[in-house]
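Just below is one structure, and these are the notes that go with it.
Labels run A, B and C following the written order; every chain starts at residue 1.
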Amino acid sequence: MTRSTGLRIIQPGALPEAAAAVKVNDLNVWFGTAHILREIAVSFQEYRINCIVGPSGSGKSTLIRSINRMNDDVAGYCAKGTIHVDGKDIMSESINVAKLRQEVGMVFQKPCVFPKSISENVLFGMQDLKKLTVQERLQIVENNLKLTALWREVSHRLHDKAVTLSLGQQQRLCIARTLAVKPKVVLLDEPTSSLDPVSSRAVEELMLELKKEYTIVFVTHNIQQAQRVADHLVFMCNGGVIEQGSKQKLFHNPEKELTRKYLNEEYCDC
Amino acid sequence: MSASSRIGKGYVVGSTFLSAAMILVIILFLLMNSWDAIRQTGLQLFTSEWNPAQDKFGILPMICGSVAITAIAIAIALPLGIATAIFTSEVLPAGLRLYVKSLLELLAGIPSIIYGLIGVVFLSVWVEQAFDLQSGRTVFTGGLLLAVMVLPTIVTLSDDALHHVPQKYREAAKSLGFYNYEVIRNAVLPIAKPDIIGAALLGLGRVLGETMAVMLVVGSIDRIPEPFYNVFVPGQTLTSKLGREIAETAFGSLHFSAMIFMGLILLVFVLLVTTISLTYFYNPEDRLYE
Amino acid sequence: MSRELTNRVFSTATWFAAGLCGLVLFFMFAIITWNGIRAINFEFLFAASRNFGAAGGIFYQIIGSLLLILFAALICLPLALGTAIFKSEYLHNARVQKLCAILVYGLNGVPSVIFGIFGLIFFVNVLQTGVSWFVGSIILAIMMLPTVVLAAYHAINSVPEIYRESASALGLNRWQVIVKVLLPQATSGAISGLFLGLARAIGETAPIMFIATAFSGIDIPGSFLDPVTSLPTHILALAQQAVDARALENAWGASLVLISLVTVFSTLGLWGRMKLKTSSLR
């Protein structure tokens, strides 16, 4: 699989609606006494880029972190409702959270590489690493770095410390590390907010490539970015979902006045 | 420069000089006073017979005792301490952690003589009964007592080391589908490792230099046990020997000089360990990730 | 072994370790308090000891211990302040600074018995002072020097640069800046460090047992060159006659008193340190 690493103009393509991979129903979340998410009901579609937009503090991150239960260990966290991933209710007591997170990977706002080499970072999340030969490991590193368009930049220095990479490269390395675990759904929590514009573009392009094989749920507060990459759009405000639908519908034909105002970057009460 | 400025500068320079020179003065005095023993006894100092009446000053039994007690104490306190630190840092709710930390700080401050008292009254009696010994004052008792004594220090320092690992590493590891123990083993411990090694070495230095508690429970027999790994017999450490005997030794005699030589050896050991531990704590290379 | 099982085992092991650790430390605490409280009464605290410590109280031991650390504090504080000010205000050569840090903090690693031996050689024998409580104070002051220097140094460093600059801009010379701006801050930091140092010093036995204390027959020392009695050495002497139940009971009582003093000092020190941290954040 080869692809250019240079920037190209991203066409706002429109894909038809697809089956729901993640379905959230009547989700309420509290941190202590603060009611963060109110009666959320959304679905995220398979092999699409599902984009959650909204102002800061609207509960976007809390929602996305609920999908792989990253909030579980936060003090005072309490949730009610259901979230189905591939038909399984992941909120149930009997779910194995570690296995869930292997299926639903996550990339964070700030790139977080471990103080190890680049190849060790790619292999970091692999479970039965001891059973693999050196050759097989190298193959995995190469595949995933190619997938994230990093291979050309780092193939000659796989044993260098990962912290020597630029922030943009580190973020793509984090994505490669997540993909190596072979998840079905990839959650990205404002993955470009700490990157410069060129690196952000590289990550956006990467997402467009990834949606062929993965379901992507992506949080951003950058409306232009949503316009560039999203297929399905969810608009959140003050802990509730205001509107959801295809990108065309929300940008050109919104049902709610609030949606129109926010997406046109006009002043609104959000 | 005004007069007050000059006097002031003189004062600060003088006190700095005094403070910095102190350790050198201590080393110098130990060296000067052990010189007689080094010159007259030479390598005979590193033999295993100590008998001042016959001018035999072999300090090997004391060195062996110190090493044995330190090894026992660290072997017990380190695994227990690190496991407890994992509990306080990774499992315990943040609100409780503060109380536990203050309590540990308090326990770390209990004077060693009180540990000695507990050792004499309880621990040595228990060891005597549990292992059916003639006397409970053994090398093992000393090691066990020091393990308890150094435990709070190792727990707080390791807990700090673990707690300083930024939360993002735990989240990143968790999001890859790791179980809690895998998060700790693969993500947290490797990053905290230099600081934990530093904590262990600091504890080691403290155990090595501890006097009062050891002196009261170790049995004070200047012999290398037969066989040497038998820890259930009375022994002697560098510190307990110094604590017991130095006040009864005539200043200026060869005996006194040999005692001071032991002090010098002890100081060199401890300073070496402490210096190495400091390089672990403050190694900037290892902190590149922060 | 499956990963889930390993996780279970690991988590049980940490709980077990923490439980064991807590149990041991709780046991320590419990026996000291339990045995100590039974020994302590009004007479015990305010009477002189009799019959080699097996009877009577520990009044003069308490006084002796407090006297030792009071003078240790008086000797240590000015020395530590001077060192801290020099380190932060005059010393700019990185290499000398490092050397200075190694030498001063190196003292922290010196085993306590070595301080005792040094005092025995230098003061008792070379300077011919004999066994004297003042020598004990000097040695304890040296022992806690690194703690106090470090605390004062941190306090000075937390003074914002703008304070120094505005004071200089008013035409104050360097020493006046130090006295008017830095010294108040440094002193409060040094005092919280001092309490932590005192908490350690008051419990130390090894540095003073050869050079400053005698076991019995002593009340208030008449001059700087007399020995005193102190709590830790008293406990030591009593612990060595562990077969005598009365002596042992008094040893527990003295231990509890000693721990209470240690706790008071370390609480004051920690409280001061915390206060300093919050005020420098403001």
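Just a few scattered comments:
The rule is short, and it goes like this: a contact is a pair of C-beta atoms (placed from the backbone, for glycine too) under 8 Å apart; a residue touches a chain by one contact, two chains touch by 3 or more.
Not measured: the values here are computed from a predicted model.
Central chain by Cα centroid: B, whose mean Cα position is closest to the mean of all protein Cα atoms. The two chains most heavily joined by C-beta contacts are B-C.
Between the Cα centres of subunit A and subunit B there is a gap of 50 Å. Subunit B and subunit C have Cα centroids separated by 17 Å.
For the pair subunit A and subunit C, the distance between C-alpha centroids works out to 54 Å. Of all residues in subunit C, those that touch two or more other chains are 3-4, 7.
Within subunit B, the positions touching two or more other chains are listed as 179, 182. Multi-chain contact residues of subunit A (touching two or more other chains): 98, 127. Those residues of subunit A whose C-beta lies close enough to touch subunit B in the complex are 68, 70, 73, 75, 98-103, 105-108, 110, 112, 114-116, 124-125, 127, 161, 163, 174, 177-178, 181. Every residue of subunit C that touches subunit A in the complex is listed here, in rising order: 3-4, 7. In the complex of the two chains, the subunit C residues touching subunit B come out as 3-4, 6-7, 10-11, 13-18, 20-21, 24-25, 28-29, 31-32, 78-83, 85-87, 89-91, 99-100, 102-118, 120-122, 125, 142, 145, 149, 173-176, 178-179, 199-200, 202-206, 209-210, 232, 235-236, 239-240, 242, 248, 251-252, 255, 258-259, 262-263, 266, 270. Contacts from subunit A toward subunit C in the complex involve residues 96, 98, 127.
The residues of subunit B lying in touch with subunit C in their complex are 1-2, 4-5, 8-9, 11-16, 18-26, 29-30, 33, 79-81, 83-84, 86-88, 90-91, 102-107, 109-114, 116-118, 120-122, 148, 151-152, 155, 179-182, 184, 205, 208-212, 216, 239, 242-243, 246-247, 251-252, 260, 263, 266-267, 270-271, 273-275, 278.
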